[in-house]
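Going by the order they are written in, the chains are A, B, C, D, E and F; count residues from 1 in each one.
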Amino acid sequence: MSDSPSRLDAFDAYRSRMNARILDEGTHLGIKRFFNLDTAAYRDGALDTKTKELLGLVASMVLRCNDCIDYHIEQCTEAGWTEAELEDAMNVALVVGGSIVIPHLRHAVETVDLMREREGGASE
Amino acid sequence: MSDSPSRLDAFDAYRSRMNARILDEGTHLGIKRFFNLDTAAYRDGALDTKTKELLGLVASMVLRCNDCIDYHIEQCTEAGWTEAELEDAMNVALVVGGSIVIPHLRHAVETVDLMREREGGASE
Amino acid sequence: MSDSPSRLDAFDAYRSRMNARILDEGTHLGIKRFFNLDTAAYRDGALDTKTKELLGLVASMVLRCNDCIDYHIEQCTEAGWTEAELEDAMNVALVVGGSIVIPHLRHAVETVDLMREREGGASE
Amino acid sequence: MSDSPSRLDAFDAYRSRMNARILDEGTHLGIKRFFNLDTAAYRDGALDTKTKELLGLVASMVLRCNDCIDYHIEQCTEAGWTEAELEDAMNVALVVGGSIVIPHLRHAVETVDLMREREGGASE
Amino acid sequence: MSDSPSRLDAFDAYRSRMNARILDEGTHLGIKRFFNLDTAAYRDGALDTKTKELLGLVASMVLRCNDCIDYHIEQCTEAGWTEAELEDAMNVALVVGGSIVIPHLRHAVETVDLMREREGGASE
Amino acid sequence: MSDSPSRLDAFDAYRSRMNARILDEGTHLGIKRFFNLDTAAYRDGALDTKTKELLGLVASMVLRCNDCIDYHIEQCTEAGWTEAELEDAMNVALVVGGSIVIPHLRHAVETVDLMREREGGASE
């Protein structure tokens, strides 16, 4: 059993700890409302959550934010997108954003692999 | 009959003229191949064209490119996305990209209105 | 009397018309809430409105959005910042954002001049 | 006593070492002049240093540069901005720059906490 | 004789007028020094002016600033780069920056055509 | 002998491993074609490889991607650019992109130093 999912686990732990710091200990109403609005943006509406999470992933890739990419890959996987579908979305992000996106494509592909391992689907 | 679709018509004409200039008169193989790759990225694959065009729209909005927004709204409309669905995608782009996206949201909403007029669906 | 403020007037009219289109005719709750949150972010809080509008101006300049620059220059002028103070803030934006900001600095300086003319303070 | 300020200390040491490498060992006049211009931009002028450092912080957040954020938080703290004021400025950056700024907001809030610890002002 | 170079002429005139406004009427020393530093960066040094102007063009394209693109195409043409060489540099910018650069590629190609016309080389 | 080149070696190993993962194990034709197009963009054409690698370096710096900077510094060094020439190109990137580029300038200068050490040219 590889310990490779540890990068993802560390990210999840840091994200949870700092979100708690910001939302529970923090007192700025505007910031809390922004987090609520952010969460609400991905809820079922005219578009369903599944579609919106894929939009979030592509937006994160063209804006080149690895933490955002990891978060949306987790959400996309949970929402039911397959690896082939995620890869096809990443291709759109790559073409729109150009080769400057490639380091983030590497990160994203690695994250997809780590997600599969974490879920026990790893065969190696 | 309003002449308000003229902004869209002017964009389409300019886009067609310059693409012909680049692809027909131009001789750079790399540039032509990039345009082919760009077109191919939105063809049915693991994801269908309809979904990919919506990804293209959100990517264009967070990267704040009005010409790209207009192009993808045209493609999204043709692919069958409703105005409510486009608006829901724009909301994701707005939350991801922030208030700096608002001028492009104004542009995008105006383009959706112009598309409806152009297609004769305007009731006013 | 020069008609040079017309660029600013046209921007204000377009902005008002499209905001009404989005907020009054539009039905997307998330988008409306984002606009509210945006407005609220510049209200007196730990920092006063005047300071926050200057932050908004510099953010708009380094992100290179002319419409946002015009809006925040209007707000900054109303909040009481002098031309020399605005210029000093623009210098910070120029140094942080680099020469790619220069076209937007030209736009911003022109907007400050148009604001002065519009307010009848022009001596030339 | 926690060793958590180590991230800040490591950043300060790296920043000092590389600045010395660039400015003392380096010979490019243009680069040296740029560093001088950058330093000068935050000196008292029409705006005071304190205000300009806050502008620098917000510019760094919307441009999403963690090193720049850390540097300006250090300068802002030294200039006398309180944590509540910094948080209010961060909220402006969050609204302007959108959810893509959130990972940098987490970093910034952590840096503010590390600054407080480093200064021995932690009461918890 | 076509009047198509008018877009370039209008840009040159606006650029000259606003630079004079900023540098001659303006009083901010930091801004003036930045303009000097910007000019100096393209002077012969370890690299010659010709090479640096091509760097400036590619930087302007990936950062997607049409005014900067026009300026550097003018400088590159004056420095002796051929159209085929400019096109090859634009291809690098396109691949690095992605399809979001395409509207700026259209603009750049049009500017190269306008430059040729302006210089009397137009055969149509 | 210092082990400082290890950052570069780790980057090279990660880059090779993930590129193999994407290109050998991956099945997405569009992504593979993009990688081919990216490689082809730097081959001798109207401009030679050496010039194009310098364009790639400056594009990477103004877009602020450390992995891309490292890759292009490696390629530029192999193509024969001297340290003084690389530094002059970095100065163009710094002026175009502003002080937000400084952390990436630090990284780039460190990478140039690591390259020299790796090649056994280190005298310390």
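In this section, contacts are C-beta pairs under 8 Å (C-beta built on N, C-alpha and C of every residue); 3 or more make two chains touch, one makes a residue touch a chain.
Just so it is clear, the structure is predicted and the values come from calculations on it, not from any experiment.
The minimal number of chain-to-chain contact steps leading from subunit B to subunit E is 1.
Both subunit E and subunit F are touched by A, B, C, D.
With centres computed as the average of Cα coordinates, no chain lies farther from subunit F than C. Matching B-E against the pairs in E-F, A-D or B-D identifies A-D as its interface repeat (over half of contact pairs the same by residue number). Ranking every chain by how far its Cα centroid lies from the centroid of subunit D, the top place goes to B.
Here the spacing of subunit D and subunit E, counted between their Cα centres, is 33 Å. For the pair subunit C and subunit E, the distance between C-alpha centroids works out to 27 Å. With centres taken as mean Cα positions, subunit D sits 25 Å from subunit C.
The set of subunit F residues touching two or more other chains comprises 30, 34, 37-38, 41, 45, 59-60, 62-63, 84, 87-88, 91, 94-97, 99-100. Contacts between chains leave no pair untouched here, as each chain touches all the others.
Listed in rising order, the residues of subunit B touching subunit A in the complex are 37-38, 41-42, 45-47, 51-52, 54-56, 58-60, 62-63, 82, 84-85, 87-89, 91-93, 95-97. Subunit E contributes residues 30, 33-34, 37, 40-41, 45 to its touches with subunit D in the complex.
Subunit D contributes residues 62, 94-101 to its touches with subunit B in the complex. Residues 64, 84, 87-88, 90-91, 94-95, 99-100, 102-103, 105-106, 109-110, 113 of subunit D are the ones that touch subunit A when the two sit in their complex. Residue ranges of subunit F in contact with subunit A, taken from their complex: 14-15, 18-19, 21-22, 26-28, 30-31, 34-35, 38, 59-60, 63, 65, 67-68.
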